[in-house]
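Pasting a structure below so you can have a look.
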């Protein structure tokens, strides 16, 4: 059945949030895409790592006057989007560590629904391998 | 081979919009199939029938409409991205209580699922953006 | 003279080019994605620290907070402003140049 | 002090459009005068009355229209940039033989001379772009 | 008389042509602005220097399918726009020299209408000084 | 795998990041403002020359010509393609990744 085709989808995020809409609208694709039962991974590279920065504070009525969409990342685990790869070199040159990122977690149904981290901080070679395994790469 | 095309930028401002057109046309002329062209982000603005470019310049919306007609293309404009930016077809305009619509002939508005489907059903997905 | 930077220094060359042309005594405002240049521990810290010796550098707080960055992690010597402070900077300087 | 504001990017896609609004509002609240806000390049798309952003997001065109009304702002959309991109007021639509217009209340379409004039007549010109 | 205000306008061009519309639409501002009798200068910095590259070849019906607008630069002299400053460092890192640029000229009415080059290739310090002297800086 | 680059390496970091992740045997297409990375005598020549040892690099001729750049000044080893050749590259490679 055609419905059963499972492809590897990678979303590559290289842009900071708020300065442009790519981060927000990319996330909207990921959420819709989650309904399609494909094999989904997200990579955060370059300024894309800033998308996962915790403590984002803005609202339509205060501060920068833009909607705070960062909480949506926290919901990814519930949509079975739990393979999130963050480029270590990108964190390093920005003076960021894992502690600066939101805690994105999911419940592992193969391991008694234990809560596990969705984020893997990986090196260049691991991301390069990940990219090579994909069927579809969506870049924003 | 079957292609999906994603267009992320609007007309004239970024060449992405032109490159996507030139690539699509070249693929069709080589006998490939275009499963769908999906317009996202500012890419939705490529679908405006109200464009009036200078006489000596290309007409980006007409170019897509004509290519669409010739090859029976599925030109899909993302509804969420379109609403934000003021791109509506007649039905949407009515539904939203707006007094005008601006989507050109040959394009239709639909959801992001159409982009994912293009990724699944096409053998190659090619992204044109900024 | 006030220079404004709205791009991340990690993504584009706007900050570096701006600092190449800005003269002693000039002011530079980092806003939008430009704020990412303002923090300790980044690859651009020494460029900023050097520039602070002869220039005034400001960062827009609402854009810092939107992005979850911490004003207490801003490089020493950079001053924080809100939109009203941004307006004041454009009043205090005869010309404003946006490095897009 | 008298300000001119130049807005070079469209709504939602780039923060420039938001920053220009926040700056303009802050300047007005401090008692400064805005001689003119000039919308150029994709900035013309800020003037679309067909925008339907999500309920929980800001409405960029309404925000400008309301600020314009409150402070009697001169919100000018560049005619050449607007034509290319499909932004028309009623007169332009008629003149170009188009069946719809999309410019919101409070904006008006005019030539690039209005930008130069803003540079001459304002004490500061502040540019918001990409 | 208000009409007689003469301000120093500088147009700063830092973007390559064709990839984005900024070069073309900036030039449209310069041409309209020329009618206002202000003191106009143009600076080409970073990828902006590519705007002046000679031999640009494209048309609506061939090649990249975009309008070739480069000939408009040649008309600037006729509009009394003849102070065109090109950043030498930007040329150098791109492997370009003066010979790669279009010949932009004007007739000097104070010197028996002799044809002179509008282009000055200048260093960083000269451009910095130029910027400091301006009343209005338009960046595209 | 085909990587596409449409930004000038002088303006943004797309080319550099792409080359950091592209593996031996991969192909890279330079088009739009990305073509500026393809020429002799630029600051990026050695990066490109190094990459050519393990990767295939292509440049889109219509974008070169539009910008007045010379195909005979393209770095040795870079291959030239037109839009039809661009299509062929996407056919010959299983995945296409755009470095926007």
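All chains are identified by letter, namely A, B, C, D, E and F, in their written order; residue positions are counted from 1 within each chain.
One rule holds for everything that comes next: a residue touches a chain if its C-beta (ideal position, glycine included) is under 8 Å from a C-beta of that chain, and two chains touch if they have at least 3 such contacts.
Being a predicted model, the structure only gives us computed values, none of them experimental.
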item	value
Between subunit A and its twin subunit E, rotation from the CA superposition, multiple of 5 degrees	180
Comparison of C-D and A-F (more C-beta pairs in contact)	C-D
Copies subunit D and subunit B - interface residue numbers shared by over half, same or different	same
Centroid distance [mean C-alpha coordinates] between subunit C and subunit B, Å	38
Centre-to-centre distance between subunit C and subunit A (centres being mean Cα positions), rounded to whole Å	28
Multi-chain contact residues (two or more partners), subunit B	8, 12-13, 15, 22, 41, 54, 57, 80, 125, 127, 129
Sequence positions of subunit C contacting 2 or more other chains	6, 10-11, 13, 32-33, 62, 95-96, 98, 100
Overlap residues in subunit A, where contacts from two or more other chains coincide	15, 18-21, 46, 64-66, 135-137, 139-140
Pairs of chains satisfying the touch condition	A-B, A-C, A-D, A-F, B-D, B-E, B-F, C-D, C-E, C-F, D-E, E-F
In the complex, subunit A residues that touch subunit C	15-20, 46-47, 50, 53-58, 63-66, 68, 70, 93-95
Residues of subunit B that touch subunit F when the two form their complex	1, 3, 8, 15-16, 19, 22-23, 25-27, 29-30, 32, 124-130
Contacting residues of subunit C [partner subunit A, same complex]	6-8, 10-11, 32-33, 36, 39-43, 45, 62-63, 65-70
Residues of subunit A touching subunit F in the complex	12, 14-15, 45-46, 89, 124, 127-128, 131-132, 134-137, 139-140
Contacting residues of subunit E [partner subunit D, same complex]	5, 7, 9, 21-22, 25, 28-29, 32-33, 35-36, 38, 135-140
